[in-house]
């Protein structure tokens, strides 16, 4: 029977010839990621409730400290220490302060065709590599590290057929926000979101990661895209042995629950307005609103491509006096690349705060948050009430173009007009 | 200026620094919340034990470290009216008197006062009397310019009065 | 009458021919500094006192550094209150995320040689390194200065430190001031001014002089002073500032004591929790495991500190068990350290760089230390609970010692890595 | 097994940041975290709630992050059962994994805050006390039923003899 790409990855991992939506499969897990926001919860479950305290494949477990780093309180420091001791005792791969977990997994671990879980909802990002990747909670994580496998219900797939080309000043952030606005915050609940079509080849690998990153904001279980030459090329350049994984394709005639067609040339800058990611509006509808802080970073838009765009916007300019601009590169590698290209200097000259690589404003638990009554334009992932600091703040999500333009203008503007693109 | 203070003694050692009196983590909190956490690294829950009018008796270099006035403010807020120490770090001393907390320098106090003793401070005569043991020690007068501020009830009151007079 | 440097400055500002220790003088304040954490309290006291207008908006610096980048909405309130007050009063020397207050007082020329500088921070003594009488006060007192432009000060006695000779490679001004604090104790200079002179001081960079002055408060000092020289002049000339006196202590000034040091005999020193005067040669704790390493603060977050650390870790890897945090003391320093390649060397070695601010030294953010963990750190205090839990251990050391210990995963002597 | 409790009614899209804000996630234990439950929406929820209370949500309950702290604090403050028009996937899975009942049921419009509900798991029926209202709900998938019966995923693993 013809299978979608998500089905093929799951079938392969479960050792089955075929799987169908709704079927429960137990599959081996290639990578299990846990970060400092929840690892302590898993440790308590593991140590207090599990009878047989074993870890099947510690070499497949990746522990990342990226949410509250540098530690901002004694409680956090002590929790980090507890996690560090656990990770050390069991021999996990450990990354402290090297960047955001999802970016590190792209730089170092995940390959096409693999099954990946992470105790973080934005684990869906890795779909851009042609992997099946999804977020789980702390108990599932304990089950997975204990057993080396986990059960999944095979999701039905929503297919997003992409044609055309994004115009300058519009990014995949605008595209995915538009899609989320169209299908709503639970429009893809339990579903795989597959992105395909002739437009895919026009999108850089990094911009695909940004696209896949936000599918959970529509409730999606996973995102998935075929790994093409751009993905394989990235892996060849960045992985020590040049491993490129198992590149799978969806079958002709596979059954999709629903088809959507997006012509990328028709996508315009949009923002997600407070306090829901699906509260999407054309940016021109909210133009003129004053902004107190702008954030560029996160697993959504903190990669080198994003920093290059910001660098072009800020070069030779000063950030508006009303605005705090916080920039957090997604990883050490991204930071070093940006350093080499002179981008960090450009940001500092323009008056930005350059934060160490971490989740930062997007997460709101550690640094660069907003206060009561303030308005934030963020390239991050969520704008829920209280997400980036005060519950009385307003958070708008937008592309790095929209963020850069707002940082200069001190208010929300249409980046295409403002930047003369 | 009040001439006498009477209260029960709480004893601390040498070098009680400002990070002990008011840990950095709580500096951005309103005093109404933060004062309850004063002395946390050393004596958790101290504020709950204090009865208004109590005094602190400590060793040398009390209040060393940072300039955070919250240290003096928190002690005052929990009801302590006077600190008696061998010596003070200078910024704390200045801060204390500026807010109306008596900072009394009396090296003999440590030897004659035990925790829980009832202590009477005679500010006019410069005498400490341990009411529990009837032992006495003396201390020097406050500098003249500080007396003016203390008589006004602290620097805020002093400036308020001054500005009020100027306005008239 | 012959006067010490502190006495000369205070006499000049009190418009007197001479002053003597113990004398109370009322002086005109040249510049004040207050920061995010306490600014709202100053504003509140200022209003409560009945003041309407600050005495001179050009002499007030408001600097955000302790709460940058803010970790919660409460901290952002401090920014908002401070900015609103600055706007209303026409205060323009406002720095929202440009670095640590003491560094900016120096870097921007707000504090000049011969000035009387008051700040709501004990490390305001830092610019004594360029010959300012700079000292810390509480926020209530700052409110009264904002209103009146003056303050009463008791003229302090002065302790003189004559330091001759040269520092050995791998030994820095930080080791020297730790040694002095260990010798005289945490209260050894309480209410007194420390005055540093001798041939070594002239050889030291201005940055290293600032390090020494910065930590004089850890011995209780009211001020830590050095006479300005050509190197200092050069810094202010670059800023276009020339209107200050080059005051020097009189050769026959009366000091409470004079201590002499031969710097060439100095070895790397450390200070271990829970007190800054718990000082010993580094080899006493050599081999002790460290989990964190912090390079930054108003003590040692300057360009040459960062470059020193970078030169030691370049091409090597920080020990995998160590989290190394680099927090430049100012935006300008961060930019210069990028230009010089120091940032790249440190990050390639495995450190990460945070926003220029107080960072971990304040204990409010920046990498707080867990109970039971040990940090080797270039900052100025190791009090119980300041930078972490009550049982976190803080070892204060020079930037070089911090860098090599981060590589080794334990305390090691930088001279072995040169 | 039957559950009975008073209802707290919420709207659509109750996300995980509202149930449990990010800034408290690194507190050491669930006991210390639970006092911040629903903090952006209901002040001191943990004091107002009574053991056995239930939550009634609209569409997409628990959307957003994968934080298991969200269902865990709800369980810790005494909530036994969440009934919603629909759940976000990860939240649903997390709730079941920790033995907190998550039931999809179309009773939203007719049940009000403060109503007392009885949930009969075996017969898949929810009744509103003091009224004639009865609502059915779909059974759990077989795989999930085993886990619910065991009291959660860990209990299921512990009992499986592996």
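Note that the chains are named A, B, C and D in the order they appear, and that numbering of residues resets to 1 at the start of each chain.
What we mean here is this: a residue touches a chain if its C-beta (ideal position, glycine included) is under 8 Å from a C-beta of that chain, and two chains touch if they have at least 3 such contacts.
A quick note: this is a predicted structure, and the numbers were derived from the prediction, not measured.
In terms of their C-alpha centroids, the spacing between chain A and chain C amounts to 41 Å.
If each chain is reduced to the centroid of its CA atoms, chain C and chain D end up 53 Å from each other.
In this assembly, the C-alpha centroid of chain B lies 28 Å from the C-alpha centroid of chain C. Shown for chain A are the residues in touch with two or more other chains, namely 73-74, 76, 78, 365, 391. Residues of chain C in contact with two or more other chains: 71-72, 75, 364, 385.
Chain D has residues 23 in contact with two or more other chains.
Interchain contacts link the chains end to end along an open line, per the touch definition above. Chains touching one another form the pairs A-C, A-D, B-C. By the touch rule above, chain C contacts chain A in their complex via residues 68-73, 75-77, 79-80, 96-97, 320, 323, 325, 331, 334-335, 338-339, 343-344, 347-348, 350, 352-355, 359-360, 364-373, 385, 388-389, 392. By the touch criterion given at the top, residues 13, 15-18, 21-30, 39-41, 59-60, 63-69, 71-72, 86-90, 93-94, 97-98, 141, 143, 152-155, 157-158, 162 of chain D touch chain A in their complex. Of all residues in chain C, those touching chain B in their complex are 24, 37-38, 41, 45, 48-51, 66-67, 74-75, 78, 119-122, 124, 136-141, 143-144, 147-148, 152, 154, 186-187, 190-191, 220, 222, 275, 362-364, 381, 383-386, 390.
The touching residues of chain A, counted against chain D in their complex, run 24, 36-38, 40-41, 44-45, 49-52, 67-68, 73, 75-76, 78-79, 82, 118-121, 123, 135-140, 142-143, 146-147, 151, 153, 185-186, 189-190, 216-217, 219, 221, 276, 363-365, 382, 384-387, 391. Those residues of chain B lying in contact with chain C across their complex are 15, 17-20, 23-25, 27-29, 40-42, 60-61, 64-69, 72, 87-91, 94-95, 98-99, 143, 145, 154-156, 159-160, 163-164, 167.
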